[in-house]
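The two complexes that follow have chain A in common; it is paired with chain B in the first and with chain C in the second.
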Partner chain A sequence: MNDLLTVDGLTAGYGHTKVLRGISLRVGAAEAIGLLGPNGHGKTTLLRCVSNLHRATSGSITYAGSDTRGRSPRDLVRRGLIHVPQGSRLFPQLTVEEALRMSAASSGHTATWRDGLDHVFTVFPRLGERRGQLTGTLSGGERQMVSLGMGLMARPTLLILDEPTLGLSPKVKHELSECILRIRTEVSSIILVDGDMDLVLSLTDRYHVVLHGDIVHSGASDTTVGRDAMMSLFLGGSTDERH
Partner chain B sequence: MSGISAILTSALVLGGLYLLMAAGLTLIWSTLRVFNFGHGALLMFGAYLSWTLLDRAGLPLLPALVGGVLALALLGVVYEFLLVSPFIRRPNGDMLVMVATLAATMLLQSGALLLWGPEIKQLPPLGSARIELGGSVVQGTQLVTIILAPVLVGLLALALKRTGIGLTVRALEQNREHAQLLGISPRRVYLFVVTVAIALAAVAGVLLGSMRFISPTMGDDPLLRAFVVLAFGGAGSLGGTIAGAYAIGLLEAVTTYYFGLSWSPVLVFLAMIVIMLARPEGLLRSQVRSA
Partner chain C sequence: MANLRTWAGWPAYAIVLAVLPLVLTDPHSRLLLILITMYGMLALSWNLTLGFAGIFNFAQIGFFGIGAYTAGILATQTGIDPWLTLPISAVSAVLASLVAFLPVLRLRGIYVGLATYVFSQLCIYLVLGQAGLTGGAGGIVGIPRLTLGETSLRADGRIGYYFLGAALLFATTLLVRLISRSTLGLSLLAIRDNEALATSRGVSRVRQHLIIFMIGAALAGVAGAFNTYLNGVVSTDVFGFGYLTLLLSMIFLGGSGSVYGPIAGAVVVTLVTDALQDAGAWRDVTVALLILVVLWIAPKGLAGLARRAIAPRVKENA
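Take a look at the complex of A and B:
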């Protein structure tokens, strides 16, 4: 039981709409897992529950050996659980450098923020060139880099990435994938959600397919995955392949 | 010539007082999306607390005034715990908080009447300096107001710009959910913001209590003027607030000089209504944004 994160029988929803139906998963120390599946099936809700931004109806979440119920998102951040949300419009009136510095301050790394900044600029050289620019004026790809960079400033143990390449051009997507690959070697554990199946499979150790609020298929990312089988799952194929 | 310098002095003094009030209200508005109706009553309480430390506890002037401001900042912590945090996260929480701050106004005003009685009090002038400027005389407290108000609000703006806590305040204003994911606790930010805003109101109370009188309703007028400043400068931007405070101070000084004390508020509020009709987002909003 050396899991960093354990999600057990989690249900959650919004009002009367049930989104998660008793989902369970675990993330080991030094493990990267990918979540695949169509939009609107609960991946983001699951991640929001893990970082305590959304309250689950039932089930439990254990992070680094303790139940996260009742803990504030701040508390989890300070223990290294960092969630980089989907499509954030960031902080339009903060410059790149201010946003990065702010993340160091809010996660309790004020004293070493300059080291963090150097590191982020090594991973994302483009941000170094744009350090004085307001984040509201950046391109989509650059915004995503700032978002990831803010995550790195908080020194994550478990880094949750929700759709980091959403809406990016193939070229920018490729550039960002390279960066995530570099991050992969530095952060202990990662949960990656992305629409780009190949990216997820190339960056993770294991993957789950989430459909209708539950995991319907799991596997090791390095095995040759039957793309056709996966596509049929995505497109509403049978759920008999449940493991 | 003496007319112009008198108007300018008056504009800087009034502008400074409104700035101290409106800067706090702006800070609270931009983070909590709430208008703190209790701000005027808190100003009044700050003046009474300083008077008590001076007159009853027998402290020297400066420690009494600083003590009064600090005591009110402490009251600000209580204010946040009792009136803001229990309500703000509920559905329609902003409305509940505003009603709670209205209730607090009544409570503080009645409390002041019970504690200190109906007779009007006054703080002594702050310093005996008298400066002659082009025929008009600037007295101690006025001089302190002219200097202290922009310095304090300038320090606040600098803190928001440069310090870690300042960055977290601005981040929460701009993207609440992402801010929380980065470890920013709204509770802590609210506490900081409310305490700082109330301390600034206390400074205004002390200055006003020395320039004019201390009474349970002394905060009503400055609160209403701060309203106008927010309408003018656009609630939620400190730059707009600074410009708005001095613009309203100038408007009031000019109208008082040429039309008399009783016409001045009429014209000031008329200006507010016109501004709100023409530019509901604040007269200076867009310019400040792009700056």
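Take a look at the complex of A and C:
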């Protein structure tokens, strides 16, 4: 198998609370997959296990042909496994440019950080205008752009995006999804988690629905069948539009 | 242009440091100037871990003392060139910092403070226990002076010590400035302000903290050796609460986390404590009150005050 990422029978939790119950997942090269499902059912925990920010109880994770167990997050970052975590207050004392520069350095791309910076400013022109501003003073949308931009500075092979549009206005959300679409063509593979189902389906190839710590439904993102199936999962049989 | 403005202050800083002893020629002022350079260097070095990295590191005073004793022991018991003991003191302080760093591996916050303070106190017992080497409670006396060619650094109102201290202070300031906006410095701020995100960006807390611990220790070790040659004696006072509180006052008054704040703190605290020399216990009370008032008005210390004063002008420029 030539999958970039293989997760097999993963269980994990916090203390006595079990969150993941033997979840399995694979992400191929140049593939974008979406994870859907209500809050509190293990999507974020799964992502944190993949990037070794949280230790799984059992099961295995293979990234780019090797087991990730015991590898530090720093090591995984340097091998292109980049996790952009959920909504964050960033580094308030760093300017936009400094945050991006630091991210390039911490992922081993010190020498070519200026190329990365040009690239990020092409994807997010707004960050170019804000380059000297402290990230603590940015708007929510701009902060998400910095978060994604820091991820890009690390030259991802697998880019994990956890709720990139959380709490953003529809307009900013749209702007950001355009950017993610542009990123898709450059990054090898993507795992996208977002509360906006339509956004996830429009940006990915396949999707999985995560419920109670396991995948309960999977499908191709480009079918309306997927959407209807999910509606029935979330709403208990009804396929009606609700909003 | 922006670069020019960034570095324009440095020649001015060098000129001020060079001219001061020519204006202030009496022995007492000279001594104060020398103390300011040494305290400034020490406060700057401590601020790397305490301010930038946000580590409650109370081992810094231990590194200072270890540097002081390294120089004292080598200068009196071996025939080594005293100048060489300055870098050797830096090395021995760095080695000590590897031990003092152990609690930082696992502990956080105030617990690091407790463990590192214990480290500094243990140094005293180590010195007292190895009396054959360290002179025990009597300390080391008769330490040879630093000389440049035939001239003692004590000549002409200790002007040699002043210029050595000023050169060290200047170099330390430059180093701290460079570190503060290097990727090392940026990652320290990142860890301090949002460790979870920093980790997911590939920053290793332990690695970055260890590096800054070692750099800070090296600078403190040199300051310790300087102190030894300046006084001609060294005793366990160098590990004492006196230096600890004095330096913390300087850092917090000046503004922890700012690059230049600790220098301002060193100047003010040195001058105020000197002016109140005869006030006895009231001296410490006054200094403490001064710091409380300044921090009440400006929580970010003198550096915060200065930034507020400059801020409107910066806005116009931008």
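What we mean here is this: the second predicted complex is superposed on the first by the 229 of 243 C-alpha atoms of A that agree within 3 Å, B and C clash if a C-alpha of one lies under 4 Å from a C-alpha of the other, contacts with A are read in each partner's own complex, and residues count from 1 in each chain.
Convention: a residue touches a chain if its C-beta (ideal position, glycine included) is under 8 Å from a C-beta of that chain, and two chains touch if they have at least 3 such contacts.
Remember, it's a predicted structure, so these values are computed and weren't measured experimentally.
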Joint occupancy of chain A by chain B and chain C, clash or fit: clash
Chain B versus chain C as contact partner of A:P92, first or second or both or neither: both
Which superposed partner A:R101 touches (first chain B, second chain C, both, neither): both
Touching partner for A:V216 - first (chain B), second (chain C), both, neither: neither
First, second, both or neither for A:V77, with chain B first and chain C second: both
Shared chain A contacts, counted only where both chain B and chain C touch the same residue: 51, 53, 72-74, 77-78, 83-85, 88-94, 98-99, 101-103, 105-108, 110, 150, 154
Residue numbers on chain C that touch chain A, as the complex places them: 181, 183, 186-187, 189-190, 193-194, 196-204, 207
Of chain A, residues touching chain B in the complex: 51, 53, 72-74, 77-78, 82-85, 88-94, 98-99, 101-108, 110, 147, 150, 154
Of all residues in chain A, those that touch chain C in their complex: 51, 53, 72-74, 77-78, 83-85, 88-94, 98-99, 101-103, 105-108, 110, 150, 154
Complex interface listing, chain B residues touching chain A: 164-165, 167-168, 170-171, 174-175, 177-185
